[in-house]
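Each structure below appears as structure tokens.
Both of the next two complexes hold chain A, though its partner changes from chain B to chain C.
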Partner chain A sequence: MKAGNVFRLHNRLILSLILIAVFVWSLFSIKWNADLVHSGGIPTLLQIVEGLFHPDLSADVLYLGFKSAWITLAYAVAGMFLAIIYALIVGTLASGVLTSNKATRILSKVIFRGILGFTRSIHELIWAWLFVAAVGLSPYAAIFALAIPYGGILGRIFADMLNDVSEEPIKALKTAGANKWQTLIYGYIPIIWADMISYTMYRFECAIRSSAIMSFIGLGGLGYQIQLSLQDLKYDRVWAFVFFLIVLVVFVDSWSNLVRKRITERKKRGVMNTGWNSVIFAFFLILASWIYIKLGENAQFIELLSHKNIEAAKRFFSGLIGLQSDQPAFLDADSWSDALKLTLETLEMSMMAIGFATIAAFLTVVPAVRSIANGTLTGSSKWYNWILYGMVRIGYIFSRSVPELVWAMMIIFIFKPGLLPGAIALALHNFGILGKLWAEVIEDMDARPIRNLAMAGASQIEIFFYGILPTVLPRFLTYILYRWEVIMRTTIVVGFVGAGGLGMDFKLAMSFFNYTQITLLLLCYMILVIIADFASESTRKAVK
Partner chain B sequence: MKKWFSVLLLTMLVFSLAACGSQKDEKTSEGNKETKTNEVFKIGAIPDQNAADLDKGMTAVAKYLSEKTGLKVEFVPSVDYAALVTGFQRGEIHMAWFGGLTSVQARNLVPDAESIVQRPRDAEFHSVFITQAQENINKLEDLKGKSFTFGSESSTSGHLMPRYFLTEAGIDPNKDFDGKPNFSGSHDTTYKLVESGAFKAGALNEAVWEAAVKEGKVDTNKVKVFYTTPAYFDYNWTINSNVEKVFGTGTKKKVKDALLSITGDQKEIADLFQTDSFVETNNDNYQKIEKVAKELEIIK
Partner chain C sequence: MSSKIMVEANKLTKHFERKIALSSLSFSIQQGELVALIGPSGAGKTTLLNSIAGLVPLTSGELLIDGQPLSAYKKGKVFAKKMGVIRQQFDLIGPLAVIHNVLAGKLSDWGMIKSLISLLIPQEKTLAIQALERVGLNGKAYEITSNLSGGEQQRVAMARLMVQNPEIILADEPVASLDPARADDILAMLTNIVKEKKQTLITSLHSVDYAKKYFTRIISMRNGEVFFDLPTEEVTDDLLAELYHLKNGER
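What follows is the complex of A and B.
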């Protein structure tokens, strides 16, 4: 046991060192001098900040804001609804609990986990782009684009949960003569459904942001308004719509917190609680969203499968696999070497982004912990702790409510096009998420050792380094790796607006209808995502 | 607990079935109603300017065409150039106001589509290169080492031709600027970015520039034009190949005549297009654009 502990401590140390080394390496990809910000960057920054303090809240902006917020919400709800159905079916199959012998179990695990892995490895905006190119502008393009990767993530988590269910209750059911379906419905699902709902609610918050950026391919919503205002450089309007997005995210966030709290309370007390309000509300939302999409947007599902669309999709995909080109880019050595260079750049961008986010979160996480602010963790509380707590928490909400793409669109006006603006945009979004997750880790930790330290006269900084950090480091590292995986997927999206890497070229290839180039870039992107997935998963296991 | 869940599952199932069912019903009734004459003639425009202005002007065009041709004409806004070309390829946009490059792209994808009408100025169109007034940039060669912004990557006057003339002047836009060039997305954004100081220089459509100066949208004390390109063919109305089939023979001519009959009296249209008349054009006029685009590997 003791030897194992030492080994694990070692592992963490080594991993931390590797991560730091990689981050430093990524910094070398940029020539650090004053030229990074172009000469007009600072005035533009001031204009953007001015807009932040004087958002345009005139009547027609408010009206547009409410309307677009509803569209964003409706797409997110409809997308999540389909994602849940997809995740339940494929997730169950991927867990292998329905199979009877070992061979089929492994086969079904490999196949369906592969499907889930593929669907979640591609960012929702790329799915959306592919759908729009194939079947045209329809709300269903956005909804499916949301449902596919979100279903992939949810399905994988569901499968993991099903596999983690302890053996005993299932064995008991089996010996009592239950068949596979009965063990699933009476054994597995009741055990995990609370966790399932709480994870789904968490994902729903992310879906709101994703739904907002769907508008960048031409589907209405808050992102569309933000983009239009940015094109006219009306920063006061941009912020007004960003505030709408923040309010929407905060609303969903607090709802999901409420639901999760209810569920854990219920688990503790073992009694039926009134979760019906939330259920009814969810039904109402789902119903209203579909009705709106059907009637308000007049979207025809069957039309997606019309002859015309099938022809267009066929043309598009045959273009992708190079049937219409004499010289497909993915068979060309020069194109590959260019694309691989971009791939490396993209990798560097992601490292830099997670590095910046980690530093920012590290510097701010202590005041953001509720149990430090109210003094229960350290045994002492200062008057300014609450003020700091409020400020940092508001900063976190602000940072994570705004999608990376929106951050990137503004930052590109300040920095020169290249890797740095992309990395900063990704870091700005992720530092809020990282900070929030870390703060929760510290809040959940055992307060007794810390109080002991405090009583022994340790200062705040000593408490952090000797008390808190050693205990929470593994969880911190896990979250860093997990966010890095997510950032990797998103790098391509920030590239769309000129922030370097594969995304920029992807956008250009799309604009120039250079289909085989798109295939090549997608291949590189998938290689990158799969590597990131694998690296992060295996290292996470190592530090656990 | 299990009852709770089965209720949830059941209602979800019922609901999803109901949703599918209603979709089908609605679709069939819709399908029967549709006849050829009821089809809406959809026009589009590349989003190269301020969205509000474009919307106002193009809605006026749609209204005018409705009155003249008796068709039900509607303007469909679009967020990016490529999306409009794709819509055109799919036959959903029946006629579009394209730039030179996008019209060539569109005609490559829809071989029988035809460029029919343009403004007199489109036969000899220019791009202007702008910079901040105090900058010592007087010719294209001076742009070396300066930050630079194009318009949309699909724009003829905001990207293709400026890139071509830059290359002619011995400047490689991918290497010789201060950092990579930016793509602002629209002509209006380009001059605003140069005016705000975000970029040292940029290139845009001459017509949009003149309109901005005339309407006082840009401060000429801060921004100056230092180079105007030689002439080339640019914007035009391109009509889709499916129009005669969907709306009946003779539609193409009807629409063309209606466009040609626009005068300065249609103020909203005249304001948007900065013209008081339209003239005929044909596909051959855009061969040079196609050649340049191929040279720069924008069309493969």
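What follows is the complex of A and C.
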């Protein structure tokens, strides 16, 4: 075997080994001893677990739960509505399909893709914080904070979809005399329409979770109630509100699954009648959300632009760029070296988090596969397979419905502030997502080679290592890297509640109105996000 | 030829919801026979092979493999010594190297530890290399399987069967997606190996010509029933014409 041949054969193995090494390295950033846990940490853990099994379901909690769930939903809907508008406009411009020559196409791609990249690289909670700092507490702060990063993500995906449209139908339209706008409306949009809706529905589920955590900067909703109950140490109430959040997420998830399934079925069968119920429902939701925000919360858009707010925003942003400071932190070498240390810590936290999540998902994924539970994949099924399947799947739903920030707030009661609680909180949220994605990869596998292995007498474990793992490993690695990117963005958020890294310092700087420090930390954070994007993109290409 | 009966079917019946796939099939196959299953699409050839392989539970009827009922083979590892399956080239794990796909035929003999080590350092390498040479794939042991052509992949599947070395081989349309030259090649190789090792072969085929050329006995099926079951030399063109004759209203 030649050296190149060895790499080609084992490139996935080599990459896996590198990832494991990086994970182990990140573990060294923590001093492993009893000092990690609060003195009352274990009893608190028991109390939290007890609350899980005896949630407070009294009438006033239920009333508050329904009300906060509605606020959370309404903000998410309104935010997504604006995000879609933003994504449609900027995404179309970023794809360059409206330009007529090469130079303007490249220019338009670079500029608008840059805008989309910038808006999505900053986490929605930070946008919310910046808005609140600039214009004060208003539902619009939450809605815009949601709309901007979500619009950035949606816009980028829309642009990619537009660029992937095949040439022929577009050329045919052009020869028929269609201008740019007509090719867009008659060609591009109808071709990618179904995929756009699918992806938007998927993002909507994420928006619910994001909207819930908006509350942490003082904007109502489920997260706000969770936070209040945690401060009162009423864990039974905490879980009651967490259950409300889970139900809301599961509801949106099943709606979005329904819509996506209809769309794929319609593609297959070529029928055009289904889906009107969902359209009407979506329309009603958007209308109700905006009416509620306008009337129920009495939010005035004009008020946002009042003289007072504009002055405050001016002060805030001029503070950020250092106009009010003689010694801006981002021009100071010592501040930079401190911030870079925090950046490294944040990086380690993200690696630990994805490592923990990967281990947990790896240990649980096999029973979570439907085709293994019912025996269609391996040709044999045991009675306990379905019980295991149900248990693991419920665990996954639980894990991914609760936002990282909520996990972090609970964990910080058990562990002392530092990198470990942050990593655990991130891992708790991501292991459910990773497990679900992986299980779907195995479910989509071609079952024939696997059954043939079973026929050749391979045991379950041999089937896993010879049949399943080699086939799914590239997709597994892709999903690990993709989740790591997401975790990178979220590290800053778990830091807010004291889970270490850049986020903790960011919160301090916010509290002390240390504006130039905020700018410095944001710069470091964006460097991290860009590095993570680049590293994961290039490794993913190497594995393919 | 010994007179050991390898497969004995007694009134095999299989219903899929409302459709009858097999209706009261009976036959017995002796060791060393080369049997071709022919008949129009939907006649039940694949269902029959799958039920002999134990992949599809029968609605009723009795099936004896080497004198024992199918249900007696509880352990997959024991059954794998009795029976092996080859189909179109969808039986291999694409991303694995060829040698691992061949050695997968040994998994029934190996323990877990040995199988896992083998993924890093191939065990019983000479056995695999010999099998690959026999099917004409010298020097391809370390290629990624999915990079091979359809015909080559089918040879890898045969090499795996040689390593597994079962007493009965079931082949479901083994040459369906190959061009005529390669199909001829594969069938010649398969029947030669089977004769050498005194194995028993049951193959479903679309092509009557191949059935006549390589097999000693032809069982034809139509609508889930045996239409004729004859030694190859007694199969006449009239019988074949009748087998594939379209009924009115059938397309």
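To be clear about the criterion, the second predicted complex is superposed on the first by the 532 of 544 C-alpha atoms of A that agree within 3 Å, B and C clash if a C-alpha of one lies under 4 Å from a C-alpha of the other, contacts with A are read in each partner's own complex, and residues count from 1 in each chain.
Everything below uses one rule, namely that a contact is a pair of C-beta atoms (placed from the backbone, for glycine too) under 8 Å apart; a residue touches a chain by one contact, two chains touch by 3 or more.
As the structure is a prediction and not an experimental result, all values here were calculated from the model.
Judged by the touch definition given at the top, the superposed model places A:136 against chain B, while chain C stays out of reach. Contacts of A:41 after superposition on the shared chain: chain B is touched, whereas chain C is not. In the superposed model, A:169 lies in contact with neither chain B nor chain C. Of the two partner chains placed around the shared chain by superposition, chain C is the only one that A:459 touches, whereas chain B remains out of contact. Contacts of A:451 after superposition: chain C is touched, whereas chain B is not reached. When both complexes are overlaid on chain A, the residue A:312 reaches chain B alone and has no touch with chain C.
More residues of chain A lie in touch with B than with the remaining chain of the pair chain B and chain C. Residue contacts after overlaying the shared chain place A:471 against chain C, while chain B stays out of touching range. According to the touch criterion, chain A has no shared surface contacted by chain B in one complex and chain C in the other. Interface of chain A with chain B (complex): residues 35, 38-41, 43-44, 47, 85, 132-133, 136-137, 185-186, 189-190, 193, 215-218, 224, 227-228, 231-233, 279, 283, 286-287, 290, 294, 300-303, 308, 312, 325, 327, 412-414, 416-418, 498, 500, 507-508, 510-514.
Contact residues on chain C toward chain A in their complex (touch as defined above): 53, 55, 76-81, 83-85, 87, 90-97, 100, 104-105, 107-110, 112, 115-116, 119, 142, 144, 160, 164. Contact residues of chain B toward chain A in the complex are 1-2, 5-6, 8, 11-12, 15-16, 19, 22-24, 26-27, 30, 50-52, 78-83, 85-87, 89-92, 105, 108-109, 147, 152-154, 178-183, 185-186, 188-189, 192-193, 196-200, 298-300.
For chain A in complex with chain C, the touching residues are 1, 5, 8-9, 379-380, 446, 448-449, 451-459, 461-462, 465-467, 470-471, 473-474.
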